[in-house]
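What follows is a pair of complexes built around chain A, which joins chain B in one and chain C in the other.
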Partner chain A sequence: MLKCKINGQDVEVAEGSSIIEAFKATGQDIAHYCWHPGLSVAGVCRLCMVEIEGNPRLQIACNTQVQEGMVINNNSDKIKDAVKWGLDFHLINHPLDCPICAQAGECQLQIQYMKFGQYDPEMAERKVKKRKVVDLGPKIVLDTERCILCSRCVRFTDEVSKTNELGIFNRGDHSEIGTVDDRPLDNPYSVNTVDICPVGALTSREFRFQQRVWYLKNETTVCNGCSTGCSTKVYFNEEGMWRVKPDHNDDVNGYWMCDEGRGTPRFVNKDSRLLSAWNGQKDEGQDLEAGAAAKAVGQTLKKVVAEQGSDKVAFVVTGQYTDQENRAFLSLAKDLGVKVYHWVNNPEKMDEFDGLLIRGDKNPNTYGLKEAMKEVGVGSPWSELESSVSDLEYVVVAGPENHFAYSDLTDKVDLFSKANHQVWFVAGDHDVLRAASNKVSLIPTKTYVEKDGTYKNFEGREQRIRRVMTLVPGALSLTEASKLMSGQELLVDGNVSESYRKTNFFSSNERGYL
Partner chain B sequence: MSLVKKPSFKASWYLIGIFKGMGITFSNMIRNLVKKAGNDKISLAMKTYNYPEEKYEYGPRFKGNHVLTVKKDGSIRCTACMLCATNCPAQCIKITAAESDDNTVEKYPISYEIDILRCVFCGYCEEACPVDAIRMGPEWQTAALNGSDFSYDIKHLAYRAQLKGGIVSRVDEEERHKAGI
Partner chain C sequence: MEVKILSEHYHKDDFQGLTGYKANGGYEMLKKAFTMKPQEIIDLVKAAGLRGRGGAGFPTGVKWGFLPDNGEPRYLLCNADEGEPGTFKDREMMERAPHQLVEGMIISAFAIGSKKSYIYIRGEYDDSINSCRQAIKEAYDAGLLGKNIMGSGFDHDMDVYCGAGAYICGEETGMISSLEGKKGQPKLKPPFPAVQGYLGKPTIVNNVETLASVIYILRDGVDAYRKYGTEKSPGTKLFSVSGNVVKPGNYEVPLGYPLKDLIFDLCGGLKPGRKLKAVIPGGSSAPILTAEEAMVATLDYENLAQHGSMLGSGAVMVIDDSNCMVDLLGVTLHFYHHESCGQCTPCREGTGWLDKIVHSILDGKGRLQDIDLMDEVAGHMMGRTICALSDAAAMPTLSFLKKFRDEFEFYVREGRSKVKGQAHAQM
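Moving on to the complex of A and B:
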């Protein structure tokens, strides 16, 4: 370990660390555009200037290693002047179209300008005009004028996704980020380049212009897109969820996440959701309160089991629910004495892994489900259900919330239609379900941003998800549904245990902050 | 702020004040009855308006009803940056942005609504706008027949009849580009 002093604060860092890492270790503020903890060092933006005692010239913190006893600061006037000029050079050809830039509000240029700049530009020359709104594939839009050539995105495609699409073309002030012949930048991790781009040069087609970032709040949770379970931040407001970004977690995903996982708002947001319970058949039926519907189903199931035997009812589970929910649902099955079947959405791809993050098992909690089934002592082979389904009175399905990963949904609905009734706990509203040929009950469930619980990822790592917002007020978690079905009441306890839920996010404090 | 005044000796002579005030009122009334307001400049008669037939015109700096300005081609100037909505203390501006087919425009508002009943006419929206897209004009009558008429949409804000085809914004993107900014 090496000792050094950062702005008067003593800190010890491992041998070989750079000064910028020491800054990060102390939590001190330092400007940097090109350095990113998950990428190699480029040292091109010249913004991370520091003054080292005994060294007459300013050095860049990202590419200078800490040596024993170094005394470093970045708050002298000399540094401020250097950073101011660094910023001025970055802005020479910058269009400053913040009003129409999707990055505004989280743009490093804006942040640095407010900290070090606030001057009038000293350039008399005309700005070099470059290409704007370049179509860089289905997910990304490029604005070459706004790019500050930090090369983070290039290093990302070289080092992390290893797809090497991006490069810097031309020289001098004509340099531009781009792909050869504007070929699309379309790899499964491409939107990470949008996250790491410190400015608004790369923007996500999906999120662009949807919301101003300062209107959104964020909360950390775990992605439920596949069994890797990346740590993510979901950005939301009172209308719903708008985007997902990776959160740093060295043990699981590092600094990245895949593009598919960013699509969770597709099935979380209200417009795709089942808003109330529904009882019916072939598109005709009526809406019910979710809680009342769950209670009624519970009573009927008990009656059927008592009168016709427990082999007239089957439970179907998916790896889409939290540990707590699985336990409650499986215990209910055990109490009723009915058989439980595990619906595996894509058995042939379950064990696939692309070497970086994406796994073929598109359920966040298959591991936890299997564990819970073993613990509770239920579980029967799927083939048995397939052969016996036409004898069944009731099939109760804990359906998937991420129906995009369940391409076999229609097949399964057809299969379950052979029984007399099917009961679905499901988050999304699906036409195939409402159109099913037997009697159907649909009961809305919460999605992963509306409930607390834990997922166990592919290697059994237990990760907590938390309730971030409520989108469908009547929806039940599977725990709540199981309670209601077994005849218990839901206790509404007025105490809010989680501090983060006490604040009314949208009333004031940070709103309007730029 | 309410002030509680202690009853003083002086205040107990209120009748004198009342008679003085009434004196002014009645002398004005009698003067108005006798003399006619009008052409004669040194007329002592008080000027009153026969509202609503006659209306007072405020100067252009008056902070009245909002106007969304337009570009030279008549399209809406607003870029949907939402700075006005962010700055608005009454939170009465609601904007929905969309991607424009025209790459030189890039972003524009597909809807822009001001809930004029919540507006406090502070003018912060006007101050926040980077492109002179919203102004507060001299119109001050906001009467309407039903609640929904108080939510002003783009059509009303930019193209209502009183604006005679729209007010042109001072900030022109093309000119700025030509100037190399």
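Moving on to the complex of A and C:
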């Protein structure tokens, strides 16, 4: 460990740390654009200037290593002047089109300007004209005029995704980010470049112009897109979820996440959801209240088991639910004495891994489900279900929430149609279910942003997900549904976690408050 | 008085070829070098006090001493990019005496233990590229390059690499990037090239003139070498004189030689009726000297530093009273704007900004605050970037504004040149 002094504060840092890391470790403020903890040092924005005692020249904090006894500061007038001018150089050719920029509100230029700038611009010359609204690929749009050439995105494609699509072309103030021969920037991690872009140069095609970021709240949770379980931040308002960004977690995903994982709003948001329970057959039936439907199903199952035997009912589970839900649901199956089958959506790809983050197992909690099945002592081979399904009275399915990962959904609906009834706990509203040939009960479930619980990722790491919003008021978690089915009552507010109370931004009575 | 050591045989037509070079004592010092230990040569160069002739004036022997002893392959790179406006000394040597460079490089490579060297020549220098390639071929054919040179057991390979003619590729790490096949952009230091340079291996980058000088340090010994020059700037140096003198060209004089004598004796002075106005002593990036300063300055690293300028690459640009300083700064800044690699923000944006301001003044659209603004912009570009290009643009700006402020103010107020009487646009 090395001792140094930062702005008068004694600090101890590990050997080999750069000064900027020491600043970050102590939580001290330091301006920077090009430095990113997950990328190599470029040293080009020249904003992280510090004064080191005994050195007449200002040094950049990102490429200077801390040495024993160093006395460092970045709050002198000399530094403030240097940063102000550093910022000014960034701004002279910047279009300053904040009102129509999707990055506004989380733009580092705006943030630094509020800290160091707030002056009238002195640039009286014509700005350099560059390409705007460049179609960089299916997911990303580039504005080269807004770009400050920090090279973070270039380093990302070079060092992290290792796809090397991006480069800086031309020289001097005509330099531009681009791809060779205008080939698209299209890799499974491309949207990370949007996250690390400190300005509005790279914007996500999906999110741009959708929402002003200052109207969105965010909450950290865990991605349910695959068994890696990346830490993520979900951004939402009362209408729903708008985007997902990675949250720093050295143990799992570092600073990154895949593009696929950012697609969760597609199955979380209201327009794709099952809003109330439904009983029917071949597209004809009626809506029901979810809790009442669950209770009714529970009573029927008990009756069937008592009258016709437990082999007339089968439970089907998926790796999409939390540990707590799995235990409740499996315990119910155990109590009823029925068999439980694990529906594996893509068995041939389950063990695939791309070397960075993406795993073939598109369920967040396969590990936890297997563990729970072992503990509860249930689970039978899938082939048994396939051969016996036509003898069954009821198939009760804890269906997938992320139906995009379940390409075999239709096949399975057809399979379960061979039984007399199928009951689905499912988040999404699917035409195939309503069109099924046997009698169908659909009961809406909560998605991963509407409930508390834990997932265990591919290596068994237990991670917590949080309830951050309520999108479908009637939807049940599998725990709640299991309770109702077993005849217990639900105490609606009895179990709301403290964190949810704190983060339930929409419960305020204040007018205009989000 | 000129002292011709490096340029002694320049006038001989056959000196370009191996036969002529050998007839004038060529490759004798290589033979001598092989009788010495590499460390002895390094010590000799250190003792002679040879300083880098490319521009920075860093002691060559000291630089060689930075190589880590880690068993990794080492590279010797000859910087023949010669991009500094006004400099043409290396070009003349490569065209007239390429073997002098090749021999100097083999000796230096032997001293630092390098088995591979490159001569990085800017793309526009066709004649230099051809003559160096020819010289290398002749050296290979004569067993002076390749395996077991002159039976010494020392192997060395040499190649010419053509740049595309970018100023920034004359910066040593920019040159290394270019040589590695990347975009010619300077690299962050540390690590320095001596530790991690070309392909991440220990690398020494030396100027053409520096490498050739090694031969004569070996030939004449430390005392004879130190006979010329000053205590801290020993030896002779090639100066490229251009501008408003009667006889522009390359002149070899001992360091410490009076600038006045170079202009008025060797170069035949100014054209009749003209008065000396200013001198840029070390390439376009060196701060300008007024006529008064130029009359007392001597051509060595310390004296020019005392005058607030630098020896740089030794490109002396003589400016007489027919020149408009606003126009000159406009040309200079246009160059740096065009040549900035665009990596560091202060340089990328600053060079363009300065260029645009000075051209606004030249277009008659100047505002009085522009002069102070330029001063401030340039001041904030100094020492804020990875390489010295930003400084190279800022230094002339600051010195022009300081020493010839009246011309800038006149141009802004009147919308025309104080010297030429007309606006730039009308000329």
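As a convention for this text, the second predicted complex is superposed on the first by the 495 of 514 C-alpha atoms of A that agree within 3 Å, B and C clash if a C-alpha of one lies under 4 Å from a C-alpha of the other, contacts with A are read in each partner's own complex, and residues count from 1 in each chain.
Please note the rule applied: a contact is a pair of C-beta atoms (placed from the backbone, for glycine too) under 8 Å apart; a residue touches a chain by one contact, two chains touch by 3 or more.
Being a predicted model, the structure only gives us computed values, none of them experimental.
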item	value
Room on chain A for both chain B and chain C (clash or fit)	fit
Partner chain in contact with A:Arg126 - chain B first, chain C second, else both or neither	both
Touched partner set for A:Trp85, first chain B, second chain C, both or neither	second
First (chain B), second (chain C), both or neither touched by A:Phe404	neither
Chain B versus chain C as contact partner of A:Phe353, first or second or both or neither	neither
Chain B versus chain C, judged by how many residues of chain A each one touches	C
Inter-chain angle, chain B to chain C through the CA centre of chain A, in degrees rounded to a multiple of 10	90
Least Cα gap, in Å, left between chain B and chain C after the two complexes are fitted on chain A	12
Intersection of chain A interface sets (partners chain B, chain C)	125-126
Chain A residues within the chain B interface of the complex	97-100, 104, 125-127, 129, 132-133, 208-210, 212, 214-215, 512, 514
Chain C partner contacts - residues on chain A that touch it in the complex	41-47, 49, 57-58, 63, 81-82, 85-86, 89-90, 92-93, 122-126, 128, 148-149, 167-168, 170-175
For the chain B and chain A complex, residues of the former touching the latter	79-83, 86-87, 97-99, 103, 106-107, 130-131, 177, 179-181
Residue ranges of chain C in contact with chain A within the complex	166, 183, 188, 190, 337-346, 348-353, 356-357, 360, 367, 370, 373, 380, 383-386
